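Quick one: the structure is below, and I'll ask about it shortly.
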Amino acid sequence: MLYFILRRIVLLVPVVIGLTVIMFAIARLLPGDPVALAAGPNATQGEIEALAHEFGLDRPVWTQYFTYVGGLLHGDLGTSLLTRRPVAADIAAYLPATLELVIAAMLIAVAIGIPLGLATAVWRNRWPDYLSQVVAIGAISMPRFFLGLLLQLCFAMWLMWLPLGGRLPIIVIPPPSVTGFLTIDTLIAGDMHAFSMAMRHLAMPAIAMSLSPLATIMRMMRASTIEVMNQDYVTTARALGLPRGKIILKYVARNAISATLTVIGLYFGWLLGGTVLVETVFDWPGLGLYATKAIISQDMMPVIGVALVIGLLFVAANLVIDLLYGVINPKVRYS
Amino acid sequence: MTTSTQFTISRRGLLAMAGAGLAATSFPNRLFAQSGSNILIIASGQDIPNFDPHTATGYSASFFMRNIYDPLVRVAGNPPEPVPALAESWTMSADGLTYTFKLNAGAKFHSGNPVTADDVVYSFGRALALAKGNSWMIRGIVTPEGVTAVDAGTVEFKLATPFAAFLQVLPWIFVVEKSAVEANLGADQGEGWLMTNTAGSGPFQVVRFEVGTLYHLARVADAWQPGGGNLDGVIWQIVRETATQRLMLQRGEAHIAVDLTSEDMDALKDAPGVVRVIEPEYRTFSIKMNTEKGPLADVNLRKAISYVTNYQSILDAAGYADLMTGPLPNGILGFNPDLEVYRTDLEKAKEYMAKTDKPEGGFTLKMVHVSGLEQQRRWALIMLDSLKQLNIDLEIQPLKWPDMVAACQSPETFPDLFPVYQTANYGDPDNIAFAAYHSSRNGGWQNAVYHNPEVDALIEAGRAEIDPAKRVEIYGEFQKKVVADAPDIFGLLERRKLGMRDSVKDYHFTPVASNAIEAWPLSL
Amino acid sequence: MTETVQTPQTEPARQGNDRMRRAFFRFRQSTLSMVGAGMVAVVLFFTVFGTMLAPYPDHVAGGVETAARFQPPSAGHPFGTNELGQDVLSLVMAGTTVSVLAGFGVVLIGSVIGTLVGSVAGFVGGWADEVLMRLTDLTLTIPSLILAMAIAAALGPGFANMVIAISLSWWPGYARLVRGEVLAAREEVYVTAARAIGANPARILFRHILPNVVSPIIVKMSLDMGFAILTVAGLGFIGIGVRPPTPEWGTLLSLSRSYMPDYWWTAMAPGMAMFLAVFGFNLLGDGLRDILDPKARR
Amino acid sequence: MAGPLLRIRDLHLTMTSFDGAAHVLNGIDLTVQRGEIWGLVGESGCGKSLTGLSISRLVPTPPARYIRGEIRFEGRDLLQLPMREVQTLRGKRIGMIFQDPTTNLNPAYRIGEQLVDVALAAASHDASVLDCPADASRREKRRAARRLAGDMLDRVGIPNAKARLDNYPHEFSGGMRQRVLIAMALIGRPDLLIADEPTTALDVSVQAQILKLLKGTVADHDIGIILITHNLGVVAETCSHVAVMYAGNIVESGPVEEVIERPAHPYTQALMAAIPTKQSKRGTLKGLGGSVPNLVSPPPGCRFAPRCPLAVAECTQALPSAVEVGTAHHAACIRVTGTEVASDV
């Protein structure tokens, strides 16, 4: 098992190299003058050149690349041209917000999607099943940013039940950062008021993010449940008199979940890169907003850094899912 | 029973999380009640780029500096006048070349050290050496050698050239504590250090900040500044959507919103507890034309377009704004309200069109605008609509700002129509006249191509003259000449639109960078 | 011993015909697929005629009517008017063309690149396969929306730039799909090829292998259409989309954000149009997958 | 006990598909006594598995529909019983074993757990299954069930049975897994065991052991077994009786020696003739043209007529009824009368 994990970690090296090469190529080969943008509207040509020199942007691309990779070995993701802050520090500050959002969304999606998928499979081909299939495709078709706007319009603007955006009311002093997840840090600090505020702020963006994974997980769970229910061992269990409830909840559910896990893993990685729009709608200070801001000013170091971090998290999420898969399905363990 | 109330709250939070219905709780009120101190919350769309008063630009940076640092002179009142800040008094020589400032003896930095003439000299030197940020305002006027410390409490400026607006630009050059910066000089004049640290003497200092989210300033315990309100602190909160800013204001989650649109202002009209500040400010919006290359090099076509433009639509789309009358902002020194300018008149447009070499139209002009700037997009569409009447097509291209700037470098790359906002950083006609119409600025975004020697001469005379009456005369002539050349479609002055809770006390509007709120006099 | 032939023995041609007939039957049986097909038909209708049928064609071309700004929905303007007095319905109708064509462009370019990469990888094999597939995996690892945003932002706004930017992150799915199919088909075809000595490999690829891959590609394209439209709208929403005055749903929605909640109607029409178009394509794609590619059924 | 253990009479079952309703069971008659091992043989799709599944009521309705007939288990008609009642019989009174031991055990759970679940389910209807009082705590019951599971594994010949309870299915060989399945089927002490191709997936030596195990079970517990198979060799070796099915009908049945020695029906004869090539995967029966008829629109009269070398015009008139051709030996063919065996001269 340890060997398995180690091998997967070693396999990350080419991923990192490939990712940085691709992102570097995009950053340098495409048109646009990020330096002029960063230097500001009143900058002279000399100032722009000085800035380019300061950031080594006047050197050949491959020199820049090796400098970057050299820094990477020390955990240095470069410096933002615009803010001149180290990208690694910025990402460390924004990543927890994105992770908190994605994890909350996945928790909602899994907690509702799996039972719902199981239930619709068990009652398949009856009207609740048909209805849920339509609703599920509808949920997948719903643009997350439009859903976010609708939620905001309803619950924050008209009803005024929930805050418009952000992670905490600014007047609430955030708890000391332990995990970076405000919902957890507030609990650690024992500040129930701040915790409730953090939850309220998280609610709408998490729901907006969760809808399409929820629907996909539900559909996947339904399909794999149906597949499992057609398995011989389920027929055997029925033939040998196991009660229906026990067959479904114990024998079917576990095997169906193991097939659904793959989707959960893929979605987790996909959501990490897909928070951009929801973060924009809800002013959620995460990687998506950070990357958007950098992209618009063509500040490429943060963009490369974000792509790298998300890419690695994507790979890591799949590793975790593979390990979980082994836990649920003993047959593939250690392979 | 603290515990039980806390439990109720957390359960509410959970209910909210689950999307279950819950009664409309008095969410914002509780917040403020809980904080228990007077913290002013300002919602703004602009992040503070960095803390260095000599490199940072943008109104968010201006807000930051105005509250953390002190200049020699502040600007206050309407119309704006220079008022004492670090300098308690000043004198000017008759030729307008020498200024002497007496520093306030009580002024001290956050470190407790007094503000001395040395610090002032150092700060001006640093600003000029770095040549970033606001230094362009004094470039060519103040030289490093020209600033000297007469004694610890007196600074003398010998200007390189007479400059009528000198006192108007001084509020934008801030004073840093020399010893603090020199202790952290590094290889870059302390740029790296000042980017995230401060060495100021202002009434507030930074206590907490999250980049891209909020900046929390707290009142300096023994601030030297006289007067002042009851604020314990100010929070500059980054709220990108203006509609969100407005809703926060309505809900009491913010005290001041600084980026509101006309639509937001309309929506706030009858909002309880909200005060709207809608005031003219020296912020012009006009559309520059390529007077050098392409069809618009023909003054008749420029005039035809100036007449065909639907000014009413521009005004409608802008909401709270006034049409410009010529090149200078309404109400500024020398402004002539009776100037004959272009107004929508299809007959005249066709008349001038007939004098061009393509009287039937049938060609395409190109207009660029800053992508994401909603007002500019609207104006581009209005121009497209207007030009149809002359059978001229308009190609609209949104560009990022640096690409816009790059396009200004030569008449060949400059588009036919180029919208520009210009904010007067100081309340003097020279600011706009020099920046936007002097030929020395050609190649820059404020005046890429237009040049007229007669206009140049008038501008130069205007900035060197210190007698206001003579200046009015000069600028009157200047306005006529520019209008005759029609280098711009003179657009409008957008009024400053601020929203405020009625709990904000002692606010007085000044039409200079009024979105960079000075918090010191305010109370809650 | 009696593992005998299980299906009725009929000549292959009739069997194929029968399969089509069954597939069509199954498709018609599925109400959802029919609803999806209907919705897609409507969307395609507006794609072709949307601009023509718009009640205010002037507004689509960029015309403004600032005297009639922000009018609430009425008989004259079923979805109200926007910040420049333009008829929201007209803009949304015309926006169909932009969104659907952009979505189609993305899917088409993505599938062409993907098919090329996948078939070369699968057919040539060896190091070419290794290199191309690693590249594919890598591209899959990069967050696609961020990649598309970065490319689109660098290229500047415009319809073509936007389509290119999204396509560049869209192909890996097709590459994987096609490679798998090609690998499977290659084994079978090589037997035939060996018999027909001297067969040109390119000919084998184009005449024998790729035609077999068409149906899963079509299924994937139909399933991807909806998501491509969503991505296009997403870029527009961020503000890296088309140039004005081109009406595009995501851009329209993003503009309307500033006018919420008072002028909420400016958001409803583009948002709902987006949702319904994507919904239609997803329903149809789902149905198509079930009938054309039953083994992919999940 | 007086009546037979199982009596199926005139069972008709249709299956609805895209092409229409297929008449897949067309009047099945079968009687099983305790102590008998019935072999049910026929080609794939002849309905032998459906007959087995029908006894456990495991055929999903729809798409299946029972047109008429009855399945009496100890006198009670299973087709009329509510599913709740049927549930009490499964595992406890009627056990089942399926063909593929690799897929019939849940890969995610240890086999001990699966055995215990079956034992507990059986015990919930008949507490005597477990060696503990009916009012014992859940924990005690579980412990008793685990003991029983160990015993059962031991009985079906799994070495080191107790320890292997904690193994996952994939840690067993195919033959061992089939033993586990037999143990699972027997743990509730059923009176009737339906074994659907229990040895098809196993190699020959293991096959013999499993069949021996089944035979021993009948002797030890006085139960009835229905052994569904396509392999006449297995039948000859294991069964006391045999029923030959063709296209939803039982065409010939009787004591195994009778049928094998003197096959009366032309189809049975063809099956016997095909034995030497029994391992051939594809192809038609030796000496028979055509293939299994389409059951949506079956041929009129005798369903075997289109392929029957002896068919005459009358064969297509009506479905032939079974006639006694020997001691308890029946065949459904109009070319057979009395003890005279149909033969091709």
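Per-chain residue numbering starts at 1, and chain names A, B, C and D are given in the order in which the chains are listed.
The definition used in the following text is that a residue touches a chain if its C-beta (ideal position, glycine included) is under 8 Å from a C-beta of that chain, and two chains touch if they have at least 3 such contacts.
Please read all numbers here as calculations on a predicted model, not as lab measurements.
When you average the Cα atoms of each chain and compare centres, the chain farthest from subunit A turns out to be D.
A simple rule picks the central chain: find each chain's mean C-alpha point, then take the one closest to the mean of all protein C-alpha atoms, which gives A. Two chain pairs are in question, B-C and A-C; the one with more C-beta pairs in contact is A-C.
One finds 90 Å separating the Cα centroids of subunit B and subunit D.
We define each chain's centre as the mean of its Cα atoms; on that basis subunit B and subunit C are separated by 45 Å. One finds 24 Å separating the Cα centroids of subunit A and subunit C.
Chain geometry summary: the mean Cα position of subunit A and that of subunit B are 38 Å apart. Among the residues of subunit C, those touching two or more other chains are numbered 153, 156, 239-240, 257, 260-261. For subunit D, residues touching at least two other chains: there are none.
Shown for subunit B are the residues that touch two or more other chains, namely 241, 247, 372, 400, 403.
Those residues of subunit C that touch subunit B in the shared complex are 62-64, 66-67, 69-70, 83-85, 153, 156-157, 239-240, 243-245, 255, 257-263.
Per the touch definition, subunit B reaches subunit A in the complex via residues 6-7, 9-10, 12-14, 16-17, 19, 22, 24-25, 27, 31-32, 34-35, 39, 41, 49-50, 57, 131-132, 136, 192, 195-196, 208, 210-214, 216, 235, 237-241, 244, 247-248, 251, 253, 372, 400-403, 405-406, 445. In the complex of the two chains, the subunit B residues touching subunit C come out as 241-243, 247, 261, 263-264, 266-267, 310, 312-313, 316-317, 371-372, 374, 377-378, 380-382, 384-385, 388, 394, 396-400, 403. Per the touch definition, subunit C reaches subunit A in the complex via residues 32, 134-135, 138-139, 141-147, 149-151, 153-156, 226, 230, 233-234, 237-240, 253, 257, 260-261, 264, 267, 271, 274-275, 278-279, 281-283, 286, 297-298.
Subunit A contributes residues 32-34, 36-37, 40-44, 47, 82-85, 90, 93-94, 156-157, 159-166, 169-173, 192-193, 195-200, 202-203, 206-207, 280, 283, 285, 289-290, 293, 296-298 to its touches with subunit B in the complex.
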